[in-house]
Amino acid sequence: MSDIVTFGETMLRLSPPQNERLEDVDEFEVRAAGAESNVAIAASRLGATASWISKVPETPLGKRVVGELRQHGIDTDVVWSHRGRQGTYYLERAGKPRGTNVIYDRENTAVSTAKAREFDIDRIQNARVFFTTGITPALSSTLRETTANMLKAARQGGTTTTFDFNYRNKLWSPDEARETLTQLFPGIDVLVIAARDARTVLGIEGDPRQLAHRLGSQYDFTTVVVTRGAEGAIGWHDSVVHEQAAYETDTVSSIGTGDAFTGAFIARRLHGDDVPTALEYAAATAAIKRTIPGDVALVSKEEVDAVVKSGGTDLSR
Amino acid sequence: MSDIVTFGETMLRLSPPQNERLEDVDEFEVRAAGAESNVAIAASRLGATASWISKVPETPLGKRVVGELRQHGIDTDVVWSHRGRQGTYYLERAGKPRGTNVIYDRENTAVSTAKAREFDIDRIQNARVFFTTGITPALSSTLRETTANMLKAARQGGTTTTFDFNYRNKLWSPDEARETLTQLFPGIDVLVIAARDARTVLGIEGDPRQLAHRLGSQYDFTTVVVTRGAEGAIGWHDSVVHEQAAYETDTVSSIGTGDAFTGAFIARRLHGDDVPTALEYAAATAAIKRTIPGDVALVSKEEVDAVVKSGGTDLSR
Amino acid sequence: MSDIVTFGETMLRLSPPQNERLEDVDEFEVRAAGAESNVAIAASRLGATASWISKVPETPLGKRVVGELRQHGIDTDVVWSHRGRQGTYYLERAGKPRGTNVIYDRENTAVSTAKAREFDIDRIQNARVFFTTGITPALSSTLRETTANMLKAARQGGTTTTFDFNYRNKLWSPDEARETLTQLFPGIDVLVIAARDARTVLGIEGDPRQLAHRLGSQYDFTTVVVTRGAEGAIGWHDSVVHEQAAYETDTVSSIGTGDAFTGAFIARRLHGDDVPTALEYAAATAAIKRTIPGDVALVSKEEVDAVVKSGGTDLSR
Amino acid sequence: MSDIVTFGETMLRLSPPQNERLEDVDEFEVRAAGAESNVAIAASRLGATASWISKVPETPLGKRVVGELRQHGIDTDVVWSHRGRQGTYYLERAGKPRGTNVIYDRENTAVSTAKAREFDIDRIQNARVFFTTGITPALSSTLRETTANMLKAARQGGTTTTFDFNYRNKLWSPDEARETLTQLFPGIDVLVIAARDARTVLGIEGDPRQLAHRLGSQYDFTTVVVTRGAEGAIGWHDSVVHEQAAYETDTVSSIGTGDAFTGAFIARRLHGDDVPTALEYAAATAAIKRTIPGDVALVSKEEVDAVVKSGGTDLSR
Amino acid sequence: MSDIVTFGETMLRLSPPQNERLEDVDEFEVRAAGAESNVAIAASRLGATASWISKVPETPLGKRVVGELRQHGIDTDVVWSHRGRQGTYYLERAGKPRGTNVIYDRENTAVSTAKAREFDIDRIQNARVFFTTGITPALSSTLRETTANMLKAARQGGTTTTFDFNYRNKLWSPDEARETLTQLFPGIDVLVIAARDARTVLGIEGDPRQLAHRLGSQYDFTTVVVTRGAEGAIGWHDSVVHEQAAYETDTVSSIGTGDAFTGAFIARRLHGDDVPTALEYAAATAAIKRTIPGDVALVSKEEVDAVVKSGGTDLSR
Amino acid sequence: MSDIVTFGETMLRLSPPQNERLEDVDEFEVRAAGAESNVAIAASRLGATASWISKVPETPLGKRVVGELRQHGIDTDVVWSHRGRQGTYYLERAGKPRGTNVIYDRENTAVSTAKAREFDIDRIQNARVFFTTGITPALSSTLRETTANMLKAARQGGTTTTFDFNYRNKLWSPDEARETLTQLFPGIDVLVIAARDARTVLGIEGDPRQLAHRLGSQYDFTTVVVTRGAEGAIGWHDSVVHEQAAYETDTVSSIGTGDAFTGAFIARRLHGDDVPTALEYAAATAAIKRTIPGDVALVSKEEVDAVVKSGGTDLSR
């Protein structure tokens, strides 16, 4: 049984080389990419046992996704489906002023039909943490229900529920997201949310410390983490607010940084750290993730320790 | 105005390197691939002016498809759509006994909603040949109607209608295909069909010569070409049957060989060749295509001439 | 008929990966590259119809160049030649203090023998803008004459003539350039010139605003654009000077930035923009170009609009 | 618990592209490769649960090996070591008359120090089959003892012991191999051996049927499989000899074919097949493996079924 | 001082991957390629010391050529030139019926201006063998004279002169070649010539044995080798004719096979072998060359020995 | 005979692409890398003749190393060995806070058994400079003795001995290094040392000027160069201290920068420059090296001159 069980969609990410244009290349790089599996991998890298559950088409594409996740060290418990597509997305990465762009091709996927009863709910109830994100209920009405049912089951089993708000404006409007996600809030223990989403989608005002405090008090979360990208993060726990700065980093890929942060935070909390210490490890993990291409935080505990202790190394030989 | 106008879907083809498995690679090769655009390119290579018309999503993926077709020298007249996906397929290429496998991901595409009235029908009526294949009506009920309407419009404009039967068992059953396609036969002047499809889908019996004759007489085509892969082809015209052998070839990719054959046949018929001569050029074009990776017959007239004359060269320096 | 017709040489550009040395690699990247075709593509991306005319060897290399230009959406009207080479150049890209270096291998090319009478002059006279650069007359005495004849024909047809000074010190000396190019000035309506060239080659003095004014008054141009790289550009029109700053950008490749600027400027002027607005779009197009590898401005109108309006996006998903 | 537990060394395989020379390339392809893990993967592909146990250096290289095996679907139970190298080998693949060549760099590896007591022996004793090969005891005197101890433990736990003779002449002499391996024979239930090894190393004479029979009788194995490469295999069981031909195949990589054969044979025996049926599936799996680059049999059950039933497909679309 | 000195042009060879078309790729493979340097390398691989002399532009391209030759183990003695191009050629490799095609771009090269007096003639006169081919005098009238002068100098120094006829129909007509090359014959000791060239260019008739005999007698050579590609070779020496069959081979690249043959023949003759033995080693070297991509015979003495003794190995591990 | 003879180990460097993780890639880049051969190449680039002597396994890996060094223009005089491995190392390159990491796999190499008497000592005694580094004696006790013997022989032959301290903490402790290397100091004329090593290993205190002075006086060197990375270098000679700043550079790879500096310094000293001038050229060479991937300073004299004169160029066309 895993310490952490995550549930969500993992897509096949197709992308031209950094800076190249989708319309002009003859090869796409292929990677598995999904917020929930990213979090599982990051947590696993920091020492927790982690698994990802989902519904996946029984095709070479589905097998490719599952194989890549297994390679990175997590367990998978997958409902293999003969219906529904493998979700894909096309990623074009560029700097200013062009910016990075994503084209989703994730309709009619196998996962969008996943119902809670298709999964082994014991796996969730025997875990210490259940994790999913606001992307999952955005994918279909079936998944809205499934997410709610899984959170409920986790609670019943005494499993801590952790949820990353993760608003995606290409999936739904702020109004739809707010209405759906706030209905899930009563079943959530730990909320992770970007300061921008708290403001734009939930309409909460104030500086990040105020955002964390207002979210925590209003919705009765145990813990709230407000993330601010390169400006660090805020943790709110037992009515106390903790600030964590971001580490300096030579960023190669910022995609997946939030997932690295969250996965490390969960793992270190499970390990017994208090919130400020867990935030420190989360920030260090996020900083190393930024030096790694792809979505996944292929870090080692030793590296994260080194960054927490001394800010990392230059050349070791 | 083009000599030849073709209509159909061109997909983005995603494939691992030859022999590699989809589930095990980190890069996919990307190419535009579609029977109707392949035919247009092959015809254009042999000297005809050719264009492809279709409905394409206004995304980098759609632009990539159109750009690649233009690169190969044909004109494109495209309805840009804000709805519907770009069709894709995954191609895994292998030898015996594994074989080559295709995974279609072409549902809910932009082209599946294309109606005849969205196109400039004058372009079809001013052409000398209109071409499409049995794949097009297999894609949606809308496209069944559109195909029928375009064939009708072509006839009214005095444009010769050429049709490749192209049965695909991953798109529909033999019964569905027979029922739909035989209804289109009265609007078709020139039919190209694989001997296997004539037998399995249409239920016609006999050796290839008999197949050609029976098809021609029964459905009142002007010309029938029965293709037999590496065993050559049969042409039926004015009740006379002509046999054409295949040229010896070092095959690198057999995909698109039929389209190369058909495109060359159309171009040479337009050029004024009689059926036996056109078949000879078609066979030579198909043979060179087999030496070229990808779906597209990037041949030159000079090369085709050389093969017809002398069977090709070895090393020229 | 195209809004814009451009004339010039497009070479095959051979280059090792960024930072690698020509003498040490086993693969060269291959691209088509030429100032005039770059301008046509940039203009086409912003909504103008554009074509490129030239003389090209009828070899796979020549066909490759033409195919790549067609892929990017412009029309080509090419005199195919059985004599003369395809021009190539070798590009080694590096940062400070090594710098980027170019080795031209463009002697005895097909284009260097091109005469005005080999082209369909109606195409120029029916266009709204004819464009070439100071590179073209630098390539051969034949091309000096051809350039003059084409500018003359354009004027006679009422076509606006736009000219980018584009001095190349590996092709000729400042003296040769000045003597040749100032003879062409009376036939030119719109001049684009780098501030450095105005000073070094034409010997004009002053700050960029003064350069623009002096050039405009002295040679009786309708419009003068003085470019200053990362420091922006100056437009002079109807005796009024307009300044345009450069947008902040994460530069991946600066080659072709000037051509992107000029192509966008022409397209927006044709669209009806006044000079300051056209300069703004030109600067935005140039900024996006800098994020794209290769010489060509593969931008979209929507992207350019977004940069003009808001300075571009970061991550859109 | 897994149906099958395998024990042995898995190396990092470094190779230039097919046909290229080690001394002349700038990139090596990297793959995990080991007979025992290959067998586990092949068995897993045919439906058995399989795991690989070994001792691996706790370095990125060791993690890379383990990650790749997990990606292919097997479980790993690894003793992480802070001493000893990760074994590597360099593979140069070529046709006649050059031939394929291997340079081993596998001395002083972590695995060469592995002792039985470092592993969870319950895992072996709870499995249905324990598998290793003649390579393992060739690697060090420690491993000779470990292999003997593991075979003994398996027997004690009622686990069937299967052993592939796998003589490697770059590791030891025929005399050393014979002396060591025949001492292990009393602990082995099922022996797989190449006809050539039976003759050259064990000194047994006769045609392959005779080899199987003599080995079975002389050493009291339950089952003997004599492999003959492209000429098929012989199975001896309950004193009955069964012949199995090889399937026709377009060979891309013959390395790992024997492991694919053995893994499938084990899986189908566990599934309940009699020896002739298991040999048939083993031959089909080996045939598909030959179409796949790399050492690993990335086949699916459906593909193997299809080959057994009909000899495979050509193009499916 | 080297045993063998060779003189000629080595070009930069630019090619798409095997089977791909020049007009359709975005990367060219780059290699140094020249008959005379190929011969030096092959001879060096078989144990002779060898050097290549030439005139090369002092550019990164010229340095790349020289660096690659040095990498392969020969010495270079190069006149660095500030004038003249580096010769290049484009190679498109394909099977039947398309065939392999070469586009030369080797006019106005530095080497075409090389005069004998620019080189250190002592180097030639102190060598045991001087070697060049019929390509060299085909490149310019200057090189015709230079070739004659070098052959004369070699003779004066007591150096054996070996010459490969190497007719290239893209460089000159049979008549030009015959007239020029037969004038050089009196200065040549050992002639290597393809049977086809002996017939087509020199107009000699007969089977290969007769060709060798007639050439030897008519022009007073010491030794004549008539090559016949996959059908082997004929050696004529002291009025005796020796036949050598070709070894069976899985051909990957046939370009450079003749040079491998000639280089090995020279090296073995220098080593003291009689003509039949040298032919045997030459055939074995050529056979291994055919398994290697590129023009160069990167063989080892041990491999050649193994082929001569046993026809080569299959898999050695 | 070469101006400079260097002695040491050159390894095969295996690395994933920049920023990628060793455990996650399928291809390693391969290069030859060694401090002493790097110095020889840098010196050769600046006009000195240079050679590298070592002991290398007679395998394709050993030949690959030697071939690459020859390609870069230096001579090699190698003892080919049938025993001992080719040293390799794995390099993972990343930015902050992850840093670059090296995994050595260089035990039991051929070079670690090299004795002075295996080499042609005349080659050292006839050179003007003999060079090795503190890495060499760190590799084995045999090499400690060999290094001492070679330094002694050089002195006896009147050859200047230059030594780069090059402490590597993955090879030995500071105490071991200090004890061994200070014993070699009496045989050394010119010492190059990083300021950090002088402090950490030798325990000398002070600012870099003081370090240079104290080292020079205490150990009686002719010349001491103290390097400080991006902060420049200090030269001490004849009791005078000279400071040299580093040039501004867009760093692509900092590995090998010190070797580039040292090689250029030696070459310019041999050329006759005084210490301050030699330091200036050394700094310029190091700056260009930083723009080049890989360990090797593939610079040209012209480029170095340009940087010394004007700080380098931007774009030259």
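Letters A, B, C, D, E and F mark the chains as written, and numbering starts fresh at 1 in each.
Definition applied: a contact is a pair of C-beta atoms (placed from the backbone, for glycine too) under 8 Å apart; a residue touches a chain by one contact, two chains touch by 3 or more.
Small disclaimer: the values here were computed from a predicted structure and weren't measured.
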- Message: Over the chains that touch one another, what is the least number of steps taking subunit B to subunit E?
- Response: 1
- Item | Longest centre-to-centre distance from subunit D, chain (CA-based) | C
- Roughly how many whole angstrom separate the Cα centroids of subunit D and subunit E? 46
- Task: Measure off the straight-line distance from the CA centroid of subunit C to the CA centroid of subunit D, and report it in whole Å.
- Result: 62
- Message: Using the touch definition from the top, which residues of subunit B touch two or more other chains?
- Response: 21, 23-24, 26, 67
- Please give all chain pairs that are in touch with each other. A-B, A-C, A-D, A-F, B-C, B-D, B-E, C-E, C-F, D-E, D-F, E-F
- Quick one: in the complex, what on subunit C touches subunit E? 14, 21-31, 59-61, 63-64, 67, 85-86, 88, 90, 92, 103, 105, 107-108
- Message: Please output the residues of subunit E touching subunit B within their complex, sorted ascending.
- Response: 19-21, 23-24, 94-102, 104, 168-170, 254-255
- Query: Okay, in this complex, where on subunit B does subunit E touch?
  - Reply: 247-250, 252, 284, 287-288, 291-294, 298, 303, 307, 311-317
- Query: Tell me, which parts of subunit A touch subunit D in their complex?
  - Reply: 67-68, 70-73
